[in-house]
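Mind having a look at this structure? Questions to follow.
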Amino acid sequence: MRATELLSRPVVDEHGRPLGRVHDLRIARRPEQHGPARGWAVAGLAVGGGRLVHAWGFAERRAAGPWLLRKITARAGRVARYVPAERVLAWGPEVVRVRTGGAELPPLLEVVRP
Amino acid sequence: MTTTHMGAGTGVRWVAVSAAVFAVVMASLWFGHAPPRSAAAYARQGAETVGYLRSQTRTARLWVDAVASGSATHQAASVALREAEDDASATAARFAGWDPPAGSDAVRATVTALGDEVTRRLAELRIAANRGRWADLPGVARPLPDLAERLGAVADELTAASRS
Amino acid sequence: MRIKPSMLLGFTLGTLSAIGGFIDIGDLVADALVGARFGLRLAWVTGFAVIGIMCYAEMSARIALKTRRPAFDLARSRLGPGYALGGLIGSFLVTALLVMAELSGIALALQLASGVHYLLWVPIAAVVVFIVIWRLPFEATERIYGLLGLAMLVFVVAVWHLQPDWSRLWASATTVAPTSGESWPAYLFFAVTLVGAQMTPYEMFFFSSGAVESRWRPKDLVEMRVNVIIGFPLGGLLAVAIQAVAFLVFFDPGIRVEHISQTVLPVALALGRVGLAIALVGVFAATFGATLETLFATGYDLAQYFGWAYGEVQPPARATRFTTTVAALLLLSTALALTTLNPITVTIYAVVFSSVLLPFAFLPVLLVGNDKRVMGELANGRLSNTVGTITLLISIVVSVAAVPLLILTKAGAS
Amino acid sequence: MNDHESLRFTLLDQQLVDAEDRPVGRVDDVLLDLPADGGPPVVVAVLTGAQALGERMGGPAGKLMAAVASRLRSGEHRAEPVAIPASAIGDHADLVQLTVPLGDLPHVAGLERWLAHHLVEGLPGAGDARD
C-alpha cells in the first residue's frame, strides 16, 4: 500500500457515518525490537478539515502567520481530528473505517507537539 | 495529492477543459488579429499606422543628428536606420493588407501614400549610410521633420474621423 | 573596518542578481517603452516591484541558509507535486522564451557595437554562454558580469546630462493615470508588464539556489541582507533611469520604442560615443548575466522538483541531469532565436506570462518562512509578513488580470 | 505529548541525500505494509523517481510521466518504481539522509548515471562522476 493512496481516502465510523478524509499520516519511530529497521509505523491519522489547511501546515499549527492566512484557515483547522491507529478497523481499499464508540475524536492540535 | 481518487470522470473533464482553453485561445487570436471592419475602426487603424510612421521617421532623424554631432558610432547608426526602415515598411504593409470598408478608399490612399513616402525616404538614408556617405546624411534627412509634421496632422485628422 | 575579500565576493551575488535579474532584456525593453509612452507615471510600479522582490528574495534566501532548501524545493514539499508541476511547466515555458530573448539581447548589443546582423551573433553568443556554464566557476562568472553590469549606471548619469526639467519629472512620477491619448487598459497592461519584468520569479529561485550553492549558513545572514538591500534598489534605480531617459527624449516627439537601439539612443545623445559604448557594455553584461540566471533557474527548478543533484559549483559530471537540462534549454532557445521571431515581442509576452506565475512562486516561500518548526528563530517577523502578504495579494490581482489585459490591449498596441 | 510526526512534512516530498550528502532524489511516495498480526501499517520503503511520482499523481500527466520514466529504466525491475528500504534511512531534519552512499543503490538515479556515462563524461572539462 502506498502512503499517498491513504491520503485523501474517506473516513467513516463503525456505522458508516462520514468523518472527513485522511489528510495526513502521523508516523512514529518503531522500537528497535521490531526488526533491524529503524523505520516508522503509522501512529495515527489526521482527519477532517480542509485539504489546504493540512497541506499548508496550519492544521498542526506549524505557523502562526501571516495573519491573513491564519484567519482564512482558522475554522477548518479547528475541525481537524486525530485518529489513533489502534482505533482503525480497516485501512481500505475504499474507505478507512474507524471505531469511535460514539465519542468525539480528539482535536489534532491536542496531540501535536507545539 | 489531489488526483488519487478522480475515477472515471477524469478523462471527460480533461477533454472539456482542453476544449474550453482551445476555444478561448482561438477567440483571443481572432480578437487580436481581426482586420478592422467598420469605417471608424479602419480610420483608427490608419491613425495608429501613421503615428508609428511618424515615430519611425523621428527616430531616424534622431540617429542622423546623433551621428552628425559625433554622438553615435557609424555601426550603431546604420543598424538603427535599417531598423527604422524595416519597421516603416512592415507598418505600411500591414495597413495596406486590410481591405478598406465602404467609403474608406480615401483613407487608404492617404495612408498608403504616406507609407510609401516614409519607406522611400528611410531607404535613402540607409543606402547613404551603407555607402559611407555620412557627410551627406543630414542633407538626405532634411525632408524628415516636415514629413513628420504632415504625418502628425494626418494622424490627428484620422483620429477625429474615427470618433465622429 | 577592514573589508574582507570574501565579503566583496559575496556582495557580487547580490549585484549579479540585481543587474542581471532586475535589469534584463525585459527591463531594457519595457522600461524604455513605458518611459516613452507614459513618462514616469508607472515609476511607482517599479517601487512596488523592488520592495516585493526584496521581501521574497530575502525570505527565500533566509530559508535557504537555515534549511539548505531553495525556493522551488519548497513549492513541491508544501503544495504537492501536482501544483508544483504546473509551476514547473509554466516557468519552463516562460524561461525558454526569456532565454531566447536574453540571447537575442546579447546579439543585439553586439550588432549595435559591430554593425554585423544580430542573427550571426546568436549562435556565437550561445557557444560562449555554454563555455561559461561548462568551465567557469560560479563565483568568477558572477563577479565578472556583476561588475560589468555596473556600466548600466550610465543611464543614471544620462538623466542629468539631458538637463531635465526636474519639476516635470517629479510631476510625472507622482501621477497615477495614463497620459493623454492613452487608455486605462493600456496603462494597466504596462503596469503588469513592468511587474513581470521586474519581479521575475527566477530572480528568487536563482538567488536562493545561489545561497545554497555558496554554502551560506545562518551566520551569513547579514551579508545576505546587505546584498538584498543594496542590489535590488540599485536595479530599481537603473530601471527608473531608463524610464526617465526614454521619457525625456521620446515622449514629446511621440516616438514608440520598438528596438534595443532606441533604449541606448538617449545615452548617446546625452553622453556621446563613450556613453553609447558604456551603455552597450552594460546591455551586454545585463543580458549575458540574465541568460545565465534564467538558464540556471530553470535547471534548478527541474532538479529541485525531482530532487536531482544540481549546481554550478559541481563539475558537470556530478550533476549530469542538471547540466543536460540547461544545455538542452540553451539549444532550444538558440533555435527559437534563429527563427527571426521578433525578440522584443517575445520579451513582452514572456514577462506578461511570468507575472501570471508570481503568486505560485511566492506562496510556498511565505508559508515556510512562517514555519517555526523549520525556521526556529529565523522565522518571519512582522515586517516580512506584512510586506509579503501585501505583495502576494497584489501579485494575485496581477496574475489574474495579466492575460485579459494582454488580449484586450492587443499586447499594448492600442 | 506524543512523539509522532507528520508524514507530509517530515518525509513525503522531502529531498533525499545519500551518506555523502549527494542529492539522490525526492521521497516521491512511501511504501506501507500491513503486518499480518494486525498492527498499524509500517513504513517499509521510500519510493523515489518519476515513475513513483507519476503513479501517485495519476491523470494523463501522471500516467505519461510514469510511462516515460519506466521506459528510461533498464532491467527486469522496471515495472516497479525505485524503492529504498526503510533500513537505509537515517536522519531527517531538513533533508532525509540515507545511511548508505549512492553507489550502494544501483537502481537509484539511473538517468543521472546513464547521462554521465554516455554523454557528459566524454566531454573535456566535465570532471569525474565517481569521485
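For clarity, chains are labelled A, B, C and D in written order, and residue numbers in each chain start from 1.
By definition in this document, contacts are C-beta pairs under 8 Å (C-beta built on N, C-alpha and C of every residue); 3 or more make two chains touch, one makes a residue touch a chain.
Quantities reported herein were computed from a predicted structural model and do not represent experimental measurements.
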| task | Average the C-alpha coordinates of each chain, average all protein C-alpha coordinates together, and give the chain whose average is closest to the overall one. | result | C
| Would you say C-D or A-D is joined by more C-beta pairs in contact? | A-D
| remark: For the pair chain A and chain D, the C-alpha centroid-to-centroid distance in angstrom is 25
| Distance-wise, how many Å sit between the C-alpha centres of chain B and chain D, to the nearest whole number? | 54
| remark: Expressed in whole Å, how far the mean CA point of chain C lies from that of chain D is 34
| Whole-Å separation of chain centres (CA-atom averages), chain A against chain C | 42
| request: Quick one: which residues in chain B touch 2 or more of the other chains? | output: 1-4
| task | For chain D, jot down the residues that touch at least 2 other chains. | result | 9, 56-57
| request: Can you tell me which residues of chain C touch two or more of the remaining chains? | output: 80-82, 373-374
| task | Would you tell me which residues of chain B are touching chain C in their complex? | result | 1-3, 28, 31-32, 48, 51-52, 54-55, 58-59, 62-63, 65-66, 70-76, 78-80, 83, 87, 148, 152
| task | Under the touch definition given earlier, write down the residues of chain C that touch chain D in their complex. | result | 67-69, 73, 76-77, 80-82, 85, 134-135, 303-310, 314-318, 320-321, 323-324, 373-374
| message | List the residues on chain A that touch chain C in their complex, please. | response | 55-57, 62-69
| note | Counting only contacts in the complex, chain D reaches chain A at residues 1-12, 29-34, 39-44, 47, 55-56, 85-87, 89-90
| Interface residues, chain D side, partner chain C - complex | 9, 13-16, 22-26, 28, 48, 50, 53, 56-57, 61, 94-95, 109, 111-113, 115-116, 119-121, 123, 125-129
